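Once you scroll down, you'll see the structures, which are given as structure tokens.
What follows is a pair of complexes built around subunit A, which joins subunit B in one and subunit C in the other.
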Partner chain A sequence: MDDSQKAIQQANETLYKQNFELSVKNQTLSILRRLYDVSLTTADVTSTSQKIADAIVQELGFAVVMISLLDKNTKCLRPVAVSDSPEIREAMTKMGKTLDEINIPSDYENNLCITCIRNKSRQMTTNLLDILDPAVTQEVADEVGNIANIKTIIIYPLILGDEPIGVINVGLAKKVDDLSRAEKETLEQLIGLVTLAVDRAKLYQDLKEANIRLKQLDQLKDEFISVTSHELRAPMTAIKSYTWLVLNSKEGVLEPKAREHLDKVYQSTERLIHLVNEMLDVSRIESGRVQLHPESFDMRQLAETVKDEFAAKASEQGTELEVTSFGEVPLVIADREKVHQILENLVSNAIKFTQSGKITIHISQADQFVETAVTDTGEGISEDDQKKLFVKFGRLENSLIARSGTGSGLGLYICKQYVELHHGRIWFVSEAGKGSTFTFNLPLS
Partner chain B sequence: MAKILLVEDDPMMLRLYERVLGVVGHVVVLAEDGDAGLTKAVNEVPDLILLDIMMPKRNGMEVLEELKKDKRTKDIPVVVITNLAGDANAEEAIAKGAERYIEKSAYEPKQIEEIVSQVLASRGKK
Partner chain C sequence: MRDLYEEILATAGFLVEKAVDGEDGYEMMKKGGYDLVLLDIMLPKMDGISILRKFHNEGPGLAPNKAVVILSNLGQESIIGEAINLGARGYMIKSDMTPEQALSEIRRYLSESF
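Then we have the complex of A and B:
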């Protein structure tokens, strides 16, 4: 062989080597792309890992890829996916164990996967037992290795930040030394992406599970409130009804003082029932279970009804209560019972805060809405307290009456939610010492 | 005067309604659970049934369904009277054929007696 022949041969070898490396680079790009796709399109851990294992084996021509993850609950390294091929299926059958059954306790010293995790460094072996111990015997490991044609196993840690989350086992049909530099580089590059893809799937799955748990808890809470309030209402109704019976007994049966006391029992029971009902309302609002039954009705008529309900109480404390309107007001379309509840609430608040003076329920039309305004000449609401209106449990502090302890702080919150369910609005104007006006609007019929 | 079947598992409320209805002259037949209510509805042929919902053995909704299925009892007006709140429950009861749905805590005993009388009057029975 003369010099020129040698030069040509050398050039050929270089060319061959470059060609090979180019093809590996191509493969690398192709597999990276596939892994990227998997991580974008697959959500749960098992199928993400399965797709990754299969993709690596198909693109890079390895014998087998197995991905195992650390399970914090069981403190085990748990295989989640092994690449699928006829040989691997046969090998698994020979092994007589499913993937789930090759859990490795994370403190088991004789398994290279555990070493890999502990040292956060790549491990290598030619003995399959090193990664399957203690799940199988040497004999079975050898047999499985033969069937699957595994000569070498490289174990890479999957490390996220500084935390190992598992390992990926790559089984080769050749010796490690036979791997080209380019192939080794490809493998190194893959690991980071595999880690990210698996972790992303894990996060997604955790989130989904947490979400399901939350929904179950929420439902449990609703059921709890519903059942509890039923159980609470039963004895409260008994107290209320029997008290009513005694209060309505014949003239002279009750001493005036006893009647007065019993009246307080009755009123307190009413308050308790009202409170439980409000909690039920809130629970329904928050779980989105409020159903509206819209009908057309005359707001002025409803206002008169509410006025009648509160007439006795108002006159008792020397408060004047009136309904006014500007001419003819068109009908509204709304859930009559809910609107009744809203108006009762506003008027009841107004009476509570207006010891003597005047409360006006004013109905008027404004564009496509009917506005209902409840104005009182009471003590008004301080600026600090104004922020708490419409907020759940937002009881006012700077008010004598509020300090006396009545009211759950749920009433206005419920009003606001109900008004908004009707696509209406509720607002207020108030000046300390001069009184307040609460207004809500409802769409025209 | 009418015969009223009261199906209610809470003995306190049972005695109370028995008394309130008895005072105005109704004959009140008592049943303390759903099964007993169904049997008495057939045997006693009441003019009206006051039916609680949360009861042992067979709940009020199931009793209501059975009553409306049986031709011997399907025409007897049923007034559901319960501590169970909720539009959904009220709707279900009405859909199953109840005349009225009453949340106990919202009414005085007298008002309940008045509702019973209204329903009876609408059926031509006083």
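Then we have the complex of A and C:
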């Protein structure tokens, strides 16, 4: 062989090598793309891992790929997927164990997968037992290796951040020295993507499970509130009703002091009942169980009803209460009971903060809505407190000390939710020391 | 609570009969002849909805009595809706009424059913 022939042979070899590397690079691109697709389209851990294992075996022609993940609860390394092929199926049958039964305790020293996780470094072996111990015997491991034609196993740790989440076992039908540099590089590149894909699936699955648990808890909470409120209402009804009977009894006259005390018992019970009702409302609102029963009605008429309800209380504290309207006001279409509750709440608040002075319920039409405004000449709301108004439990800080402690801080929150369920809006204008106006609108009939 | 409503109704001049539990109530309603039945939902032995459903399924409906109205402290809309679908004329939440209001509601139901 002369020099020129040698040169040609050398060039040929180089060309062959480059060709091979190019084809491996192509395979790399193709497998990376597949893994990327898997990570985007598959949700749960098992099927993501299965698709990854199958894709690697198909694209790179390895004998087997097995993915195992650390289970924090059981403190075991648990295989979640093994690539599917006739040989592997036969090998699994021979082994007589399902994937679930090859759990390896994370403190088991004799298993290379555990070593891999501990040292966070790649491991290699020619003995299949090194990755299956203690699930099978040497004899079974050898048989399985023969059936699946596994000569070498490379174990890569799957590391996220600094935390190992599992391992991927790659079984080769050849010795590790027979792997080309390009093939080794491909494998190294794969691992990061596999980690991300598996982790993403794990997160998704965890979130889904957490979501289901939360929903169950939420339902339990609702049931608890329903039943408890029923249990609370029963004795409260008894106190309320019997107190009422005594207060309204025609036989005998109550001592003035006794009447005053009983009146307080009655008012307090009413407040308790109101509180329980508000809690029930919030529970219904938050679980989306509020049902509206819309009907057409005259807002002015409803305002008069509410005025009558509060007339005694208002005059008792020297507050004037009136209903006014601007021109002819058309009917609204809304759940009358809920709107009644909204207006009661606004008027009750106005009375609470207007010791003497005037409260006006004003009804008017504005475009496709009927507006109801409750204006008081009370103490108004400071700017700081204004921010907390429609928030659940958003009791004004200074009213904690200043007032008699009535109100749960749920009233305006419930109002806002109910108004918005009707596709209306609620807002307010207020100036400390001068009074407030709360307005809500409802669509026309 | 049955005692309370018995007292209110009897004082107002009505003739009142009480059932001791759901099963007893069912038997009494089956015999019938009442102008108005006030039925609670949470009852010992058989709940109010089951009683209504039993009448509903068995055919005679609530015919032997002029009207059945739910008187309960349970206020879930789904349960109220079910009771109405099964033939209850109306629904009263005990804790939301004074004896006087309860009485006037009862009078209204009675006048409607004549």
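Heads up, the rule we're going with is that the second predicted complex is superposed on the first by the 432 of 445 C-alpha atoms of A that agree within 3 Å, B and C clash if a C-alpha of one lies under 4 Å from a C-alpha of the other, contacts with A are read in each partner's own complex, and residues count from 1 in each chain.
Everything below uses one rule, namely that a contact is a pair of C-beta atoms (placed from the backbone, for glycine too) under 8 Å apart; a residue touches a chain by one contact, two chains touch by 3 or more.
Source: prediction; values computed, not measured.
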item: Superposition on subunit A - do subunit B and subunit C clash or fit; value: clash
item: Which of subunit B and subunit C A:Thr137 touches, first, second, both or neither; value: neither
item: First (subunit B), second (subunit C), both or neither touched by A:Asn12; value: neither
item: First (subunit B), second (subunit C), both or neither touched by A:Met236; value: both
item: Residues of subunit A contacting subunit B in one complex and subunit C in the other; value: 226, 229-230, 233-234, 236-238, 240-242, 244-245, 248, 273, 277, 280, 284, 289-291
item: Residue numbers on subunit A that touch subunit B, as the complex places them; value: 226, 229-230, 233-234, 236-238, 240-242, 244-245, 248, 273, 277, 280, 284, 289-291, 293
item: Contact set on subunit C toward subunit A in their complex; value: 1, 4, 7-8, 42, 73-78, 81, 93-96, 98-100
item: Residue ranges of subunit B touching subunit A (in the complex, touch as defined); value: 10, 12-13, 16, 19-20, 54, 83-88, 91, 104-106, 108-110
item: Subunit A residues within the subunit C interface of the complex; value: 226, 229-230, 233-234, 236-238, 240-242, 244-245, 248, 273, 276-277, 280, 284, 289-291
